[in-house]
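What follows is chain A paired twice: with chain B in the first complex and chain C in the second.
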Partner chain A sequence: MNKFGFAIKTPRSEDMDKVSLERYNMLLDRVPSFKRCFQCGCCSATCSARQYTEFSIRRIHTSFRRGEYEGLDEQLKKCMLCGKCTLVCPRGVNLRSLIINMRQILDETK
Partner chain B sequence: MKIHAYPYNDFVIPFLIGTILLFSIIIYKYIRWIRRFSDEQRKVIRSNWYSWKIFPAIWEMIREGLLHVRILKENLLLGIMHQAYALGWFLLILVGAIESRDAFFTLQHEQSIETVRELDAQNGWYIYNTGENKDPEYLNQRRYRVETEDGIARIHYHRPFYVGIFYRYFVHKAPAAFHQHKAYSDLMDALLLYVFLGLTMAIIKIFWSKILGMRRTTKHTIVDRFSKFSLWMIFPLRLLAESVTACLYGNGGFFTQAVGNLFDPMIVRGLETSVWMLYSLMLGVFFVTMPFTRYMHIFTELLLIYFRKIGVREETGKTGYTLFELNACSRCGVCISGCPIDRVLENHEIQSVYLIRSLRNQERGSRLKMIADNCLMCDRCTVDCPVGIDLSALRRQTRAKGAIDTVGNYSYLNKRQSPFNAIGRVAYFGGCMSHLTPGITESMEKIFTAAGQKYWYMDKLGTICCGRPLQQQGFTNQAAELRKKNTDLIEKSGSTMLVTSCPICYQSFKKEYNLNIPVVHHTEYIDMLIKQGCLKVRHDDRKVSYHDPCELGRGCGIYEEPRQVLSAVTNLQKTRYQREKSVCCGFNLGDTKLSLEEQTKIRNASLANLTSKPVDAIATACPMCKKAFQHATNDYPVKDIAEIVAENLIN
Partner chain C sequence: MRKVAIIGAGPAGIEAASTLAKNGIEVTLFEKSETPLKNIQDKAFLFPNFQAAQEIADDLSGKLLTDGITTAFGVDIADIKWQGTEWKLIDAKNQTYVADAVLVATGYQVFDAHRKEELGYGIYKGVITSLDMEQMIKHGKILNANGDEPKRVTFLQCVGSRDEKSGNHYCSKICCVTAVKQAIEVRKQLPKCEASIFYMDLRMWGQGFEEMYRTAQEKYGVSFVRGRISEAAATFDGRVQLKSEDTLMGLPLKMTTDLLVLMVGMEASCGTKELGKACDISGDYGFIKSVNPHLYDNETGKPGLFVAGTCKRPMSVSDSINDARSAAIAIKDYLDTLPQ
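What follows is the complex of A and B.
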């Protein structure tokens, strides 16, 4: 199968009742403006890192919300904090603060 | 036989204890701090500590430590208050010392035993004799017998250092030959009045700080207030003590004598030493509390100015120099007045003065983090600081302590590089933000072409951040990684000059990188091109106000070039807050704590300053500021200088 360059993905369904939202709520506490995010993806579209690699804040947002923390820290380290995302965000989410706080929360609750 | 005359009274003891403790604590602290200097800083000190650089250092010590020129320029009344304290008190000590020296010099010629007798009887001098005919009875009963061969007593007058402080008490009656006595006492009174002027203003400042042009004063801790109270009491007590003595012996100047004449000699006679004791006690209390309060700044700021002037700079970590900076802060509150977060957002807790206080008290935890993180890093306070503390660097240090600064994950940056499409003389770095304002980069390309310059637009396809945003948030290691990537790229390209469009990148390339080619901002570059005649521009009649970006103006000191370029192509209008006083646009990358609403408020305040006079357009030199203002107004076109120049090119 590998020869064709694709494979069957493992199911990624999550039982949201069982996912602990502790970290997510912590994040909302520290970055209140994050509540306004409607996942339009402007941040990922403008991202400097995104131009080079598969780094997407939108994807990270989804993973964080679904409780899939694995590999998230490595992803977040790709961010250069340049702030383009914050400037284009139509909802006024403080994305730089979001990324710093995500890393901090992941570090604190390791 | 020798007779020794030594001015002494028990009331000098508190003063002596205070002085000894003060200087031993201060010297102990200074030695500890100096030992904590980093190797780099030591090297600078070793090579410069005794060079021509000490002359500007001494000049600045006098200017800022005594005259307070910077505060005077900032705020006249506040400056006069600080100057009255510092210069007034310094001159009181200096003139007191000179006066006592002169008086003792005259006294030395008065070898009459009558003088000694008088000194002993009235002034509380300590008279003793040494020599061969030592008479124990004399010491006990204090009788003088002069038994020299030629019948002339040899009297030695000793002048301990405290005599200048308590001069009026120890010299009740000036020696007859000391003619300048009256002039000196009048001068000393004038100086005391000068200090009183500062004292009065300080008291007014507590209740109506607005009268002194300060919107808000620093909130002090209990210890500081106690120390301040003892400082304030020193001078009224000095006046009281000198007046009482003047009342009894008539040796006062115009002021102390006038006050002294109000007293009844019969009543105050018994109180004289008591009031002098109170005065000395208050001095002692102040001296002992001084090293532990903000008054530590008195000596520390002089050393800080010295170190700064000979070239010592703040580093990314805490060093001995940081400790000098922390202790050189007098908490004067000048940093509060300019801060946009204070002025516009009414947040009175995060200003640099409080950051320094928290750091000095070795606070940890959320409060310090809140203070350190909530700052635009617009450098307004750094420019205003009268003693030149690098406040933004202190904030960066504090942030770095809390940041999770591991190795970044930047290997992806090697994957795609902007090709060296035109290996030429000039490398052009637009920066991340300029990618959101394509008008700027397009104009720059137009200008390069019009001037016939070969250029390499190094981040056309995708940008590598300069690293400053990470640096500002305390991610020092990650920032260094990005710096290394950019440095490699620039060195590989063989460019001879780097032009950037973003002041944030500009400051980073200029100060944090070690590039061996000149780095210029595009305003400097255009100015150079126009002056060299490579670029032909026409002048139109638009009225334009210019916004000084924080990182370009206060950060790098580029004020003139943008103005010259703008004057060449348009009519530049002055605004109320400009150059060092320019108000940050509110979107500076230094801050991560402010919400969009708060940033917008600051931006509107900044915009109101730019549009206070009728203008046709707003000019700036930073893509970030441009973007910020663009969102705010439809009434005025917001343009970068490069765009305005590109519009006015003559082909």
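What follows is the complex of A and C.
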């Protein structure tokens, strides 16, 4: 029965005391250029996949940065590795390499 | 010989005094503290080049030895009055001085962080201001509330600036880069300690500032979170818990930190507010208003009364010094127009 639509929800907040940034730190070691990202969103703005779906590479790598890895492996499958994001990034982040390495790290640490 | 009175021995007052003296003008430099440059002496290293503040203070103090400068330290100028042909300065002990022209260089003071009660300054020991942090860096003693080495230091931008609740709508201009400077210093002194900066925008306007931000990320691993911390609370073990929104994720964020550093803004100093009122040259927020920000930025609209440095608006040291040099030229031009 779900008359009123109430449900008990787990709190949706980032708890920086509980998250583990181990995978994020692995990513920084493998793709040091990601340290420079200043969250401008050029990468997701240019992305063809972003235009028609919910897929946002900027949001994905920000989640990774905050230690929120849930569901990222599924989302990352939507990337076609076309490399347009790498071309536009004003801080010279190697996004294609970032994407491949995010996939690999999520796979290795499953 | 023409006589100029300069009020305030900060970088602006000293630079103007030495420029005028080198041009053969007699200057008296009034300072209410017993020693000059207190707003430089309380800093560790100065952006943009991380030069020791003491070094800058020593260089500036050296300029006080220029022939033609008389210093009057420990003299608090309470009022100044136009007498038709000259200015009369009156100090807090009712002594008077006269001068053909006056330069107001009475500077700034930092926003009183107690006013933002929700951030816990003066209530929780782990909450400090950017000035406290300058002292810690200067003495190589960055310590948490329990006197131990901190594991995490968190900086919050715009405390007392860009804030309706503090009555200050303006941006203080120097605190973004100061937070980046201090975060780098923390990481240099304590390589195991994390450093995070909570910001709304990062205003890296000056030469080398954006590069400093980039270096903070790349070389020192400083992390940046876009969001303003709404409140702080103490934990049982003397740390500080803070709440914010990670606006780039659209999620609330919680975090415990050893030190929360409030990047307090720059307000007009008491001296600036009082003198501004006394001679009717006060502008927004008690800063002194110049005639025109483009062309007459050292003029006040009163004959022979000039203004330079942070008593006008927030500025860096180099901007205050440049402004003082331009004020010296304006004063010299004015003195040249006076009848012999």
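The definition used in the following text is that the second predicted complex is superposed on the first by the 99 of 110 C-alpha atoms of A that agree within 3 Å, B and C clash if a C-alpha of one lies under 4 Å from a C-alpha of the other, contacts with A are read in each partner's own complex, and residues count from 1 in each chain.
Quick note on the criterion: a residue touches a chain if its C-beta (ideal position, glycine included) is under 8 Å from a C-beta of that chain, and two chains touch if they have at least 3 such contacts.
Only a predicted model underlies this, so the values are computations on that prediction, with no experimental measurement involved.
Trainee: After lining both complexes up on chain A, report clash or fit for chain B versus chain C.
Mentor: Partners fit side by side after overlay.
Trainee: After superposition on the shared chain, which partner residues are touched by A:46: those of chain B (first), chain C (second), both, or neither?
Mentor: A:46 contacts chain B only, not chain C.
Trainee: Thinking of the overlay built on chain A, is A:88 touched by chain B (first), by chain C (second), by both, or by neither?
Mentor: The answer is first: A:88 touches chain B but not chain C.
Trainee: Considering only the touch criterion stated at the top, classify A:96 as touching first (chain B), second (chain C), both, or neither.
Mentor: In the superposition, A:96 touches chain B alone.
Trainee: Counting only touches as set out at the top, which of chain B and chain C does A:23 meet: first, second, both, neither?
Mentor: The answer is neither, since A:23 touches no partner chain.
Trainee: I'd like to know which partner A:61 touches here: chain B for first, chain C for second, both or neither.
Mentor: neither
Trainee: Under the stated touch criterion, name the partner, chain B or chain C, that contacts more residues in chain A.
Mentor: B
Trainee: Under the stated touch criterion, which partner chain does A:15 make contact with: chain B (first), chain C (second), both, or neither?
Mentor: second
Trainee: Closest Cα approach between chain B and chain C after superposing, in Å?
Mentor: 14
Trainee: Going by the contact definition given at the top, which residues of chain A touch chain B in one complex and chain C in the other?
Mentor: Common interface on chain A, chain B vs chain C: 32.
Trainee: What residues of chain B sit close enough to touch chain A in their complex?
Mentor: Going by the criterion above, the answer is residues 403-404, 406-410, 412-413, 415-416, 432-433, 435-436, 461-465, 467, 469-470, 473, 475, 478, 482, 587, 589, 592-597, 624, 627.
Trainee: Mind pulling up the chain A residues that touch chain C in the complex?
Mentor: Interface residues on chain A, with respect to chain C: 12-17, 32, 35-39, 59, 62-63, 65-66, 68, 91.
Trainee: Of all residues in chain C, which touch chain A in the complex?
Mentor: Those in contact with chain A are residues 213-214, 217-218, 221, 223-224, 226, 246, 248-249, 251-256.
Trainee: For the complex, give me every residue of chain A touching chain B.
Mentor: Residues 32-33, 46, 48-49, 51-53, 55, 74-75, 77-78, 80-84, 87-88, 92, 94, 96-97, 100, 103-104, 107.
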